[in-house]
Structures are given as C-alpha cells and as structure tokens.
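For clarity, chains are labelled A, B, C and D in written order, and residue numbers in each chain start from 1.
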Amino acid sequence: MKALIIEKNSMNILLERFLEEYRVFGPTKPGSDSTFDEIKSIEQLHLDYISTVLPPKKFFLPPNETLFSFNIKNGKFTTKEIRPDEKILILGIHPCDVHALLKLDKFFSGDFNDLYYQNRRKNSAIIALNCVEPSEHSFCRSLGTGPFLNEGYDILLTDVGTNYLIEIGTSTGKRLVKGLNLTNASEEDFHEKERRLKLMEKKFKKSMNISWLPKIARENLDHDIWFDLGERGGVAGSFPCLSCGSCTFVCPTCYCYEVYDAVDLSLKSGTRNRELDSCQLLEYAEVALGGNFRRDRKDRIHHWMLCKFGAAAGGKNSSCVGCGRCIRVCPSKIDITEVAKALRRG
Amino acid sequence: MEEITIDVNYLARVEGRGALNISISKDGKVEDLQFRIYEPPRFFESFLIGRKYDEVMELTSRICGICPVAHQITAIRAIENALGIEPSQQTRDLRKLMAISAHIQSNVFSMYFLSLPDLMGYESIITMTKDNLDIVKRGLKLKKLGNDITDLIGGRAVHPVTAVVGGFTVIPSRNKMKAIRKRLVEAKQDAYDTVDLFSEVEIPDFERKCEHIAISDPKEYSINHGRFRSTEGLDIDEMEYRDYIREEQVPYSTALHSHVKNRSSFMVGPLPRVNINFDQLSSDAKDAARRSGVKFPNFNPFVSHLARAVELVHDIDESIEIIDRVPLKEERRNFICKAGFGAAITEAPRGSLYHSYEIDNNGIVKKADLVPPTAHNANNIEKDLQEFVLTLLDLSMDEITLKCEMLIRAYDPCISCSTH
Amino acid sequence: MINAYLPNLAIIKKIIRETHNTNTYMLEFFDKQLQTSFSCTPGQFMMYSVFGAGESAISLSDINNNDITATIRNVGSVTNTILNMKEGDSIGIRGPYGTGWPLDKAKGKNVLIIAGGMGIAPLRGAITHIKNQRNNFGHLEIIYGARTPGDMIFKYEFEKWRQIKNSRLDLTADTIPANTPFECKAGLVTSCFPSMKTQHKNAIVLLCGPEIMMRYAAKCLETIGFKDDQIYLSLERRMKCGIGKCGHCQIGLKYVCKDGPVFNYTDIKPFIHPL
Amino acid sequence: MVKKPKIAIFKFTGCAGCQLELLHLEDIFLDLLELFDINYWVMVKRDNDEKEWDISLVEGGISTPKEIEEIKQIRKKTKFLVAFGDCAIGGCIPSIRNWIPQMEAENQVYPDTSTIHSMKVLGIGEYVKVDAILKGCPPHRETIVELLKSALLKIRPRLKQHPVCVECKFRDNACLITSKKMACMGPVTSAGCGAICPSLGRECEGCFGPMSNPNASALASIFKDIGFSEDDIKRKFRKYAGMSSEFQKEALHEWKK
C-alpha cells in the first residue's frame, strides 16, 4: 500500500478527519507520566510522550465496567445486557502497547468470547506511532514488540523529522486518509525511517533474554529469589515487594478481574460489574472459610513474574511486551529484567 | 413552690456528650447549675508537641467532624503567621469559599436537624419527615450544597485534604465551579425560605445582655481573619488574644471556661457575628434580616437561629462573588521553615476559634494552644441558664427541661471541640 | 454471538436436606429449549448467580436425569442465600464448564474413588455413570470420608452404591460422637488404604476433597505403587468467571475452570504446595 | 414487608466525623429511613430507645473506665456491632497521645488533673467483640451504605482491604513516590477513599489505616531511601494507626543512628 507524509504541524488535518467518525483518545502530556485522555483539539495532543501511566488497555478492559443489569420481580429475575458500542480511536499508541492488545485479543477470544472486550476492539481504530525515544525502563526490543511496529495498526505514524510518515495497515486506515490532501512518501522518507530505527535500537538501557524465559518459568518455582523479593532484602538493589499491585494495573497485558454485584436501595435491582484485580493482592486467591491459595507475598510476586515470563495464560510466549511500566511504577524499585537475570544466574 | 431538680444525663441533638444538672430551692433560688461536659478529652495540645508544622492542619482537623474546615484554616493561618507567609489573594478567596461552605453545612445542620424539631414540636428530624417532608428536603438540599462545595475545593467534606500551608495542593476546575455557582443561585430561594421559617417559629422571649465577641473587618463579613472585637469595646489583634482572654478549669467539666480578663463570660457565634458585623452582610442578607422583623443587635440567644438563616443568605451571595472573581490559576507554594510563634482567630460556624503554635527551626511544634468556640461559650451558657430557668418556674418539669435544652441547642455547642 | 457472562433463569424443582448446612437442589432451566439441549459430563461445574450476592462455582452433583443437580454447602454470601431458598424459587445459572472426569480413559480399568467431605459431590456423577455402564469398567471402590458422620452427604445413596456389582464402599469419619447410629470407621480416609482392594495395576484413581487431604492421599497412594499419572483430582480455586478470563483460578500454567477442574496429578503437582 | 432492622449510633472518644459522613448521605437519607429503624442516635434524636439493636455503629475510641462499661453494655444489647471509623478501630489521631506519659499529657492541658479520668485511647475491639469494621477517617459514605445493604441482604459486604495504590492506578495517577519522591503511605494503607489525596497532588497520609498484610518495613526503608528522616517516618506510622499491630514496629522503631 502506498505511504504518505504529513507535516507535523499539520496534524490537525488528520485529527479533524478522525473526529468526524470517532471519539479520539491520545497522550495528553509529554514525558513518562503521560495519560491517554480524550482529544478534542490538536493542542491537547502530545505525540512526543515517552510512556503513559495506564496503557491503552483501559479503553478495552476498563478498570471498572458494568456487564449487565438485573431486576427481580415476583421472585423471577431478568437481565439486561449492556453492550459498549462507542466508536473510539486511539491516536499515538506505541508498538509495545499494540502488541499487548494483540495478546489480549487472543486471550479474550477462544472457546468463550468476551463480548465486552471484543465489541470495544471492533469499534476502535488504532493509529500507532513508532517509538523514536525509548523510556529508560523499556526493553521491547528484546521481546520483538518494538520499537517499530509491523502489525496490528490501521495507520502507523513514524517521526521522520519535520514530517510523520503515514503507513496504512487496513482498509479502515485507508478510508481514514482518503481524500485528504497529503503528499506521497518518497524513498528518502523510508530511508529516514530505517535510519531512525537503527539509532533507536542503540538507545535501550534494559534488556531481557527471552530464550531463557520458558526455562525460568519451569525451573524456578522454589528459588530463593522469591523469598528475597517477598520478605527479605529484594533483588539487585530493590526493596522487598509491597504487594501494592501497581505493577499489574499498569501492565498492558494483565487482565485479571473481579466480578461483583451492586444492588440499589430497592434491593430489587442492580448491576453485575467487573473491576480489574491483581494477583499481588492478598484477597485475590482467597476462598470461603478463610482459605487462601497464595497467602504469602513471595508466592504472589512469584506468580506474577512467572505469568509475565509466560508460565500462565500467555502460553508459550512471554506475556510481557517490555513496555517498562512496571519498573517505573514500582516504589520498591523491583525490576523484572533484573529478576530474570538473577534467576538465570543463580 | 416545690424544689426542682433537673438531670439531663445526656444532651440530645448536640454534637458530643454533655449533661445538664439544675437544682432550684423552694424559695426559687438556683442552688446549683452545671452544664457538665463529660466528653473525654483527647489532649490535642499535648500530642501536637513534637509533630511537624505541615501536619498540624491535618491533625487538628480531627478535633471536629462538623467543623474540620475551621480548624484546618485556623491552624494553617497560625502556622503561616509563625513562618511569616502571606498567602495569595486567590488562596484567601478559596479559603474563604471553603470556610463559607462549611458554615452553610454546619448552620443548616444546626437549624434543621438539631433545633427545628424543638421549635416545631418533634422529637427529631426523622419524625418530622412525616408531616413536613418539604422542609426536611430543603434542609437536606442546602446541607448537601455546603458539603459539595467543601468537597470540590477540599477534596472531601469531612476532613478535607487540599488546604495546606501556603495554599492548596490543587485548584478546582472552572467547569465544576460553574456548576456549583448555578446551584448556589438556585439555593437563594431556599435560603430566604429558611429566614422566613425561623422568623415564624416561636422562640422564648428571653434577653440577657452580655459581651458578644466576633472577628471583624470593615471590608468584608469576616470569617477567616479580622480583629477580635466585642460589643463592650474589646478590639485586639489575634496575636494579642492571650493578653485578654483567660481560661479556667471547673471541676465538673472537661471543657475549660473562658472569660475576658477582668470581666465576665462572653458569647461567640452567629448572633454576635451578625450583631457586630451587620453592616458587612450582603444587601440581600440585610434585607432579609430587616424583613424578618427582628432587630439587630439582639441579645436573645434564641435569635441565633435566625442569625444563622441570615448568614445563609449572605453566605450564598458571597460564595457567588468569590466564584466570579477567583482566577483559578495554578500557583507555586514556596517558603522556608523557621522558628516562630503564630496565632490566628477565625469564625468557625459556632463562633470564634483560636489556635496558636510555637515552632522551632526544624518546623517542629513546641507549644500549642487551642480554644474552640464551645470552650468560649460554655461559661456563658451557664450564665444564660441561670437567668433563663427562673423565667420558667411555672411550667411543668418536662417543659422546663426541654426549654433549658433548647437554650443550649441555640448555642449549638460542639462538645468534642470544646474538649479537644 | 452469545454473551457468556449472562446467567439463565432456572427454577428450583426440589430440595433435599443433606446436613445442617448442605442441601441438594434439582434445577431446571426456565427456557425449555435450553433444558432439552443441556448435556454435561460428571465432574463439570456450573456458575450459580444470586443477584445481589454474586456468583459461585458449584459442581454438578449427579447426571441421572433431566435435572441439573447441585449440592451446596453454606459457607458465605452466595451459598447462604441459596440455602434460604425454597422450591419454586428462581436462580441464575450458566454452564456447564470445565473438563469432567476422564471416564473414557477409565474404560476397562479398575476405578478407585476417594472423596473427602464435599468432594463426593462432583464424584457422584462418575459413580452413576459407572453404575449405568457397569460392563465397561473393572472393579469399583469408593472410599468416602467426612469430619463426622453427620457431615456425610448422599447417605441415601450408600445402600444403592453397595449394591453395584463388583464394588466396595468404605466409609470413615475423623471423629465419631458417642451414640451415633451410623456405621462407619473412625479415622482419616487414608486409614482405609490398608483394607483397600484396588491395586495400582490397571487402575485409575479419581480424587476429590480438601487440597490437603488430596495431597496426603496422593502421597500414600504413591507408597503403594500408584503412579502420579494414574491419579486424577478435581481442584478448587477462587473463580469469578468460570470461562478462563478472570485469572483467579490460575494454577501454574493452567486454568482450573478451563483446563480443569479435573487434572492429571502430574500436570499440577509442582504447583500444589508440598506437604 | 419484613421488620426493619433497628440501628443505634453511638459516640465515644472521637470527633463525630463518622456520624457526619453518615449524615452527608443527603441524597438517600430518606430512603435509608424507609429501610431502617434508627432508634438510638443522640446527636439526631431526643427520644432514644435503649432496649436492643440489630446493628450498632460505634464511633470513637475508648479512653475512660466509664466508656469501657458503656461499650460492654452496648455489646450485650447488640446483634451486630460495627467499629465505625478509625477511632473505634484503633484510636486514630487521638491515639498519638498514647506515646506520651498520661500525666504529662494531662498537665499540658489541665491545671487540676484530679478530675480527669483518662487512660490510653484504644479501639473498641480491645474490650468487646467486633463484628465488622468500617475503615477510614472518616469511612467513605459509599462503604457505609454497602455495609448497611449487606446487612439487609445478609451477605458479606464488599469492603476493600487492598492498598490505596489500586485506586490510585484506577485514576491513572503517576506514582508520587517514584515520580516526585513524596512519602506516600498508599502502599500500606487500606483503599476505600478512592485515592483522594494522590489524585489531588498530595501524598496519602494513611487515614484508612493499614491494608491487609502490609509490608510496612519495606515502605519505611523506601522513605529513608528518598530522603526522609527517622523521626519523619516514625511520625508517619504514629498517626492514624500507631496502635495497630501492622504498624507497631515502624511506629515504635528506634532507628539506629
């Protein structure tokens, strides 16, 4: 498909086009603590951001959502499904986060479809943005999920100096740029993209060797490191885990949720909701009569790390995409890449 | 006549735990009269020592759940006085708006929940809902308005979190302010209706001339700062408070009793405020007061309810004014911590509230001195009762008891505060 | 597409009192079509909704007829509310979910069933199945233990089970209060092992009960020659969705709701805490 | 309709803020009156029925011998006793004085201490069995409603035990510890407030008390690492829940010089 270019300071042309069809969300602050928020005008958009606190997962699997409402009448209940159908467009999403969505797509389909997630995905457009400035915590390169993207986008933007290179991934993408007065991209633009990729790849400070991961996940169930992380001095200069759950909430591939009912004061009607949950929290594995399958902190951090290394759910591959958010957010400075290294070493 | 003994073991519809004991001899003399505050003290003045200057507002907030805002602002201002910090105009405005919102909440609570049932012949607002649903709903609505403003500026109605030394951690959004403004405009009628309600209900005809004190400022209806002035000529700066106001312990009460040096007890609260600062009320509030037919200055403590209602009209007017002028821009808070002494007096909903602190070079509190409104009033309440009860001797015991309780509730004592 | 989270209306047709805190419920979908197309295998479970209280995973405790059978012990919010329901009341259910007991693999083999407490619930269906297809299986041995005889459920089935051809039933209780008219041994389930008839050769073990009991039983079986891969057990974990999305029931690589609740012991042994 | 549950509301040593939080449920205040029979509430009612109650909400800590007697009486007449707010759970802010010798505290305030009968202020659980706790200074209105609703439905209320960080992340906040080096108590503090403070540019001070199984010592080391003194840290843990077993070590800790 042919590629186009757009001058950076003409981005409002694209935005206006998007706004015709979608509610648009994008990064609204520069730096590492940006957030994806609604964009209504071009001044709100900060495509020069490095990372966001919460990943765009929040648009597809919101921290809290209503699944259906129920009503009890004459002892019989009726339910009313609540289906999300808003059209949203995520603008400026980085490759690691796109890969995370691809993983979640797979997870939320299969024998049982999660209609809530899937409807949202179906109604969304992804305008990705290749990374030219890595966060000091990210290691997507090691995992093959960045810094540049080659799947999962409707439109892909790359910063090539004064312009963005626009590559089209799907018919939606094609439709969205159709009729806009944009110049075709040249050979040089692609050379520039290539050059920037090379430059970018040199800038990573963190890495993780994924060929170890399956082995680590299999062999390290009773490693001392879990005690260190849970109770004692931590690993590689970190403090022990606080079990605050932050790592899981900022992780673009963590999906665990809790389901609960909320009744109104009539006691006859209410909603069933779900709220993101975290395996780091004590209550997560609690069952009736006070039982708990992961009471110790070490078991919880161990469960999470191994899940990210691919032991659970993600299947054979790692379920980590190397965005580095968990490293940045951890008040105890626990670094998943360092833990992986330490496990490999010892 | 018979000997009369009144024992109210717990006073209902007041904040905190207090009791009342009166005995009157056969010849109609008050033998004994005790407004007995038995709420256990919490020793804030002791444990504040050793805490840091920036925690003081958060800690003293917990003196009282009804007027946490007043304690926070007073504490902050006392600390600022100690550190020599001049807050910006925006900060002053937002603080005033927050203080006013707390006044709205607390005064409405006092009028509708605590005292109105007496005046309308009910046991509580709960039983009042049967025949007077509209009045109850109006009270709830007004109270909610106050809370929601505190919520918006302070982050939370009970024990807000954003007001700190030097300013606010965050400035509320313009849109939310606009929404509140709209509700304030709508509430004006409810405020007028409240004035009407409280000028119509029957109150005991009782007057006792005593010293009324409130802070006062020629330019505004004072809540957060002003000179400490009285109807008897007191006119001092907040830093001089301790040279003029003395406290004394009485054996039957955990609240200390105050008096003006070389003079007697005094009254603080909405009535003294309206009496002393009538000219600074908004013109609508003044009109409402005039229409009520009650003359100010007024020395019937039961007129306090009406004073609250008049203040409610003013509070709404001033809130709108502040919202219209405050720029809502982000500000930086810069200051250095140094040793010093600072005092502040503000008007809590129930009257003048005094805080003072001595801090050292590291910002650690070395001495704290707190006098809440009810500690100011406790002495005066007893003096009022002494005279008031003698006007009731023809009534049945139950009625005497109720009337005495009503007098106490007119002061709306906050007992937890008084025994901080 | 169907929304997998929406429960369907079901009516409680019959309630059988089992113990002071446990009842068995026979249910039927309100929607006749759903009821006729319903099919399940022993060992599977359903999600039961009580609106306001939430949802709980409950095993199918029999497979005999057109009913959906559940035996529920009162331990918390959902189960407590269910226990207070009457015949004719309605409830929300969805399912069945999970893998059942490996009855195909058990064909031609001797079957040893070991159950502790409520663990007999998901196993009753398997017993019924073996009884119905008696010729397809070898010797059937059932060992059932409970804390006290009063905690035993399905007492009315014991006689029928005893009458199954080529079978043996052994009952045991941890403690037996004086004057209990009920006949059973005193001791843990493993105390029945010495008198057990089933030997490891050509046998398959179906195990369900509290996790600690299962671990202990598996260890004892090992000492008498059983291999881990002969043992199947049904696990319990916290469950919120029942369909492998909420994450709560993960055990190592597996999801109890999707890959289980019945597992081969080899698959999950490393993830169950050692004794 | 079934008989309305009888509710009583009591105050001990505290600030009445928890009761106020209950009163701040203006929108549903009338609905609650439909569902419950509030028949003991001194702050709101003059006729108070002292027979027995289905649910008692107890605000405030216990700080005098008289209060010990009173709470025991209330326990006897109550089916379901709720420690309503941090004071009733563990003394809250007033418990800071427990670290000062009692006489010293009294002398600071009263010229004549012979009429003062105060002891250390502790939670009601110290003296009677408590059926549920509502954390917070004050507890969030929503959680009060949640508890009351659950009581009607006879189910376990959904009260949060996990840390404030969870709610902080739900609100998309950058972490104040890592991004601003502020000493936030969020990682050891029970959620329930909606992460009010971190969302408003202020570190959590811990007003909901300890979460389930907090790692307080790890947080203390983190605070030290970002530049807080031993005294600062001690003050942090001696604030809302200095009496709790979870924070006892950090509150007491005489940091090695």
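We take it that a contact is a pair of C-beta atoms (placed from the backbone, for glycine too) under 8 Å apart; a residue touches a chain by one contact, two chains touch by 3 or more.
Since we're looking at a predicted model, the values are computed, not measured.
Engineer: I'd like the most central chain, judged by C-alpha centroids against the all-protein C-alpha centroid.
Structural biologist: Of all chains shown, the one whose C-alpha centre lies nearest the global C-alpha mean is D.
Engineer: Using mean CA coordinates as chain centres, what's the chain B-chain C distance in Å?
Structural biologist: Roughly 65 Å separates the two chain centres.
Engineer: Determine the centre-to-centre distance between chain A and chain D, using the mean Cα coordinates as centres, and give it in whole Å.
Structural biologist: 36
Engineer: Between chain A and chain C, what distance separates the C-alpha centroids? Give it in angstrom.
Structural biologist: 39
Engineer: Nearest whole angstrom, what separates the Cα centre of chain C from the Cα centre of chain D?
Structural biologist: Centre separation, chain C to chain D: 43 Å.
Engineer: Going through chain C residue by residue, note those that touch at least 2 other chains and give them in order.
Structural biologist: 52-54, 76, in rising order.
Engineer: Using the touch definition from the top, which residues of chain D touch two or more other chains?
Structural biologist: 153, in rising order.
Engineer: So which bits of chain A are touching at least two other chains?
Structural biologist: Where chain A meets two or more other chains at a single residue, that happens at 260, 263, 267.
Engineer: Okay, what are all the chain pairs that touch?
Structural biologist: Every touching chain pair, ordered by label, is A-C, A-D, B-D, C-D.
Engineer: Considering only the defined contacts, which chain C positions touch chain D in the complex?
Structural biologist: 52-54, 76-78, 80-81, 84
Engineer: Under the touch definition given earlier, write down the residues of chain C that touch chain A in their complex.
Structural biologist: Residue positions touching the partner: 1, 3-7, 9, 30, 49, 51-55, 75-76, 79, 88-90, 92, 236-238, 240-241, 243-248, 250-255, 258, 270-271.
Engineer: Please output the residues of chain D touching chain A within their complex, sorted ascending.
Structural biologist: 28, 31-32, 35, 145, 149, 152-153, 158, 161-163, 165-166, 168-170, 172-175, 177-179, 184, 186-188, 212-215, 217-219, 221-222, 225
Engineer: In the complex, go through chain D and note every residue touching chain C.
Structural biologist: Residues of chain D touching chain C: 153-156.
Engineer: Which residues, counting only chain D, touch chain B once they are in their complex?
Structural biologist: 11-21, 23-24, 26-27, 29-30, 33, 38, 41-48, 63-64, 67, 92-94, 96-97, 99-100, 104-106, 108-112, 115-118, 121, 137-138, 193, 196-197, 200-202, 205, 207, 232, 235, 239
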